[in-house]
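Dumping the structure here so I can ask a few things about it.
Chain lettering (A, B, C, D, E and F) follows the sequence in which the chains are written, and residue indices restart at 1 in each chain.
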């Protein structure tokens, strides 16, 4: 159990319920995952997070599957277990194959390794890398 | 300056020099960036890191540009300034447009935000997300 | 289970027992939470941590509830689940309302997001911000 | 220098310029700090970040100074140098005294320390701490 | 459960099985821990990780127990629960006494604390500390 | 420059000056590094940090050089540049050879890598690893 309870539909404010209806419509399922039920104690943050998430994760110059994998990469470096599980499920739903997942994890591991080497060595940034 | 000096070519061991020659051949340039010059104090780690990096970042189920962006995502969550600079330069060289960079950063920011919300709420993982 | 066992009262050294008695007196309850029972294997660290914690968390220029929320903010960024749970409980005991908790989490999420954007952008510090 | 250039006013899109005008009006100064100039390459993220920041940092159940200190606490745990500098300046502008800053840092240090001890010990969360 | 299933011996590719045989021979036990069973979905990463781990953790200028404790220190700062548990077990098997574990944790806690103080204070590096 | 100024000797409170005298006596040099000059704004934290540091880093079941390397490992995972520089200098002063530094960094890089792989895979802890 978390630091707040998970709200059931009949415990929601009107604003929170409206967000849940948007989530259900966007995803084509009645199931609302625990993150949103925990966040529903704060309808303003719930609304802002859901709306911004829709914009950020929409197809653009990057496709949604690449965006899901970027999400997993950040969540792994931060150690957010829930985020890794939920976005791995989302990435699989968007077509991440076992081979793609394996390559993504290999890159994450490689980046973590060189992050540690570079940071321990305190390497100065080369002039050629600056914008 | 870092916690070790950057080795010039005439300070290298034979094993380190061989890795530098591989880097030059793979990249088609004489320029060796600071990370490798710092790592050259330890030829075994230099060799293992360069060889594994080539395997991990090669085209596969994911294309090399996606891999560079995953690298940046991890490095940003870890706050590794050198890594962010060097892999942003590499991603640009592989075709990352300003719009792609902007979307990548927006996803990283979104992931960081929900990582904080989820972690502070201590949300339990939904059964449906488990492998 | 952790990397050490939790010590029961009859397994304690005299030094550790003395700290437990101080904790019980300060908190007005017999209950000793798991952190202290795990730390009791090292009476010197137990004593130093408890004593310093009392000084640091005491009322001063900042009130104890603000201090508990700062503790939660750090623990969330570090992903320390136990710390988030124990200090959220402490903050509630010191009067953190659901609305205060929601606002605290919104700030944490916002800070995480801009941390990611700033770090990915590698923004130089403005001269006006330096002490 | 960062991974993007800092945009001057005459390089801005109309949407980005509108956000800059909002920032100037809200803060009563012409000065726009580097974060916004770097973020201006992506007007949608610039707008969303500024608008949400205003909502999150506004007075509510927590006062704005407490919110600034929570921001600093997160940024310190994440090691975001720019964020620490800019929000320390903001906190000072909102009345953070040297003594308040010292106590805030002492709490941050204490939390970091017990985060390390708890994580290394892998302490299970006490039932009494759960929501 | 994780984001991938744990592979049993009869689900392994030939390459993965060969690594498992190496692990069994090196450790003198049939037991293969969960990390390797999860990683076995990607035989190339499994092979590279096992081989490099053997090199890195072998006796050298540092003894293997010191290396295990360094591993725990990194894993604690990163909050990797599995890594802390598995390398604490490995360190104990290599002779880490309860007193050594306690001192290791005290150093980790101390380092975390000063990391937070230094980062919050944004202290410039003294010239005398540079290589 | 940091978020506080560095205090010169003639700006110190009597309590802070007493700590500086202890540092000078313990180290056999007049030089006081920037961390202590920044921390001197808060004499209570200065005193508690210095005194506890002396206890934690003293010879015990672990030798002081091992403790310095553990300190660097934590500071690298946390990305604390000042801490990495100052404790690398301290480790060198206590006899860390270039080969020892190289092996320490290789372990740190290896640990970072497997931390990323384990966290991305969300591997459950084996029963045999629990205390």
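In this text, contacts are C-beta pairs under 8 Å (C-beta built on N, C-alpha and C of every residue); 3 or more make two chains touch, one makes a residue touch a chain.
The structure presented is a predicted model; accordingly, all values stated were derived computationally and were not measured.
**Q** Under the document's definition of touching, what chains do subunit A and subunit E have as common neighbours?
**A** Touching subunit A as well as subunit E, we find B, C, D, F.
**Q** Taking each chain's centre as the mean of its CA atoms, which one is most distant from subunit D?
**A** Measuring from the centre of subunit D, the most distant chain centre belongs to E.
**Q** Given that subunit A and subunit F are copies of one sequence and touch, is their interface built from the same residue numbers on both sides (over half shared) or different ones?
**A** Both copies touch with mostly the same residues.
**Q** Compute the distance, rounded to whole Å, between the mean C-alpha positions of subunit C and subunit D.
**A** Subunit C and subunit D have C-alpha centres separated by 21 Å.
**Q** Roughly how far is subunit D from subunit E, centre to centre by C-alpha average, rounded to an integer in Å?
**A** Between these chains, centre-to-centre, one finds 34 Å.
**Q** What residues in subunit E touch two or more of the other chains?
**A** 1-4, 44-45, 49, 52, 74, 76-81, 84-85, 88, 102-106, 108-117, 119-122, 130-131
**Q** Among line, ring, star, complete and other, which best matches the way these chains touch?
**A** If you draw each chain as a dot and join those that touch, every dot ends up joined to every other.
**Q** Mind pulling up the subunit F residues that touch subunit E in the complex?
**A** My answer: residues 1-4, 31, 33-35, 38-39, 45, 49, 52-53, 56-57, 60-62, 66-67, 69-71, 73-78, 80-83, 85-89, 97, 99-100, 102-104, 106-115, 117-126, 128-131.
**Q** Over in the complex, which subunit B residues touch subunit E? Could you list them?
**A** So the residues of subunit B in touch with subunit E come to 1-5, 44, 48, 52, 55, 130-131.
**Q** What does subunit D use to touch subunit B in their complex?
**A** So the residues of subunit D in touch with subunit B come to 3-4, 41-42, 44-45, 49, 74, 78-80.
**Q** Can you tell me which positions in subunit E touch subunit C when the two form their complex?
**A** 79, 84-85, 88, 98, 101-103, 105-106, 109, 116
**Q** With touch defined as at the start, can you tell me which subunit E residues reach subunit D in the complex?
**A** 72, 76-77, 79, 81, 84-85, 104-105, 108-117, 119-122
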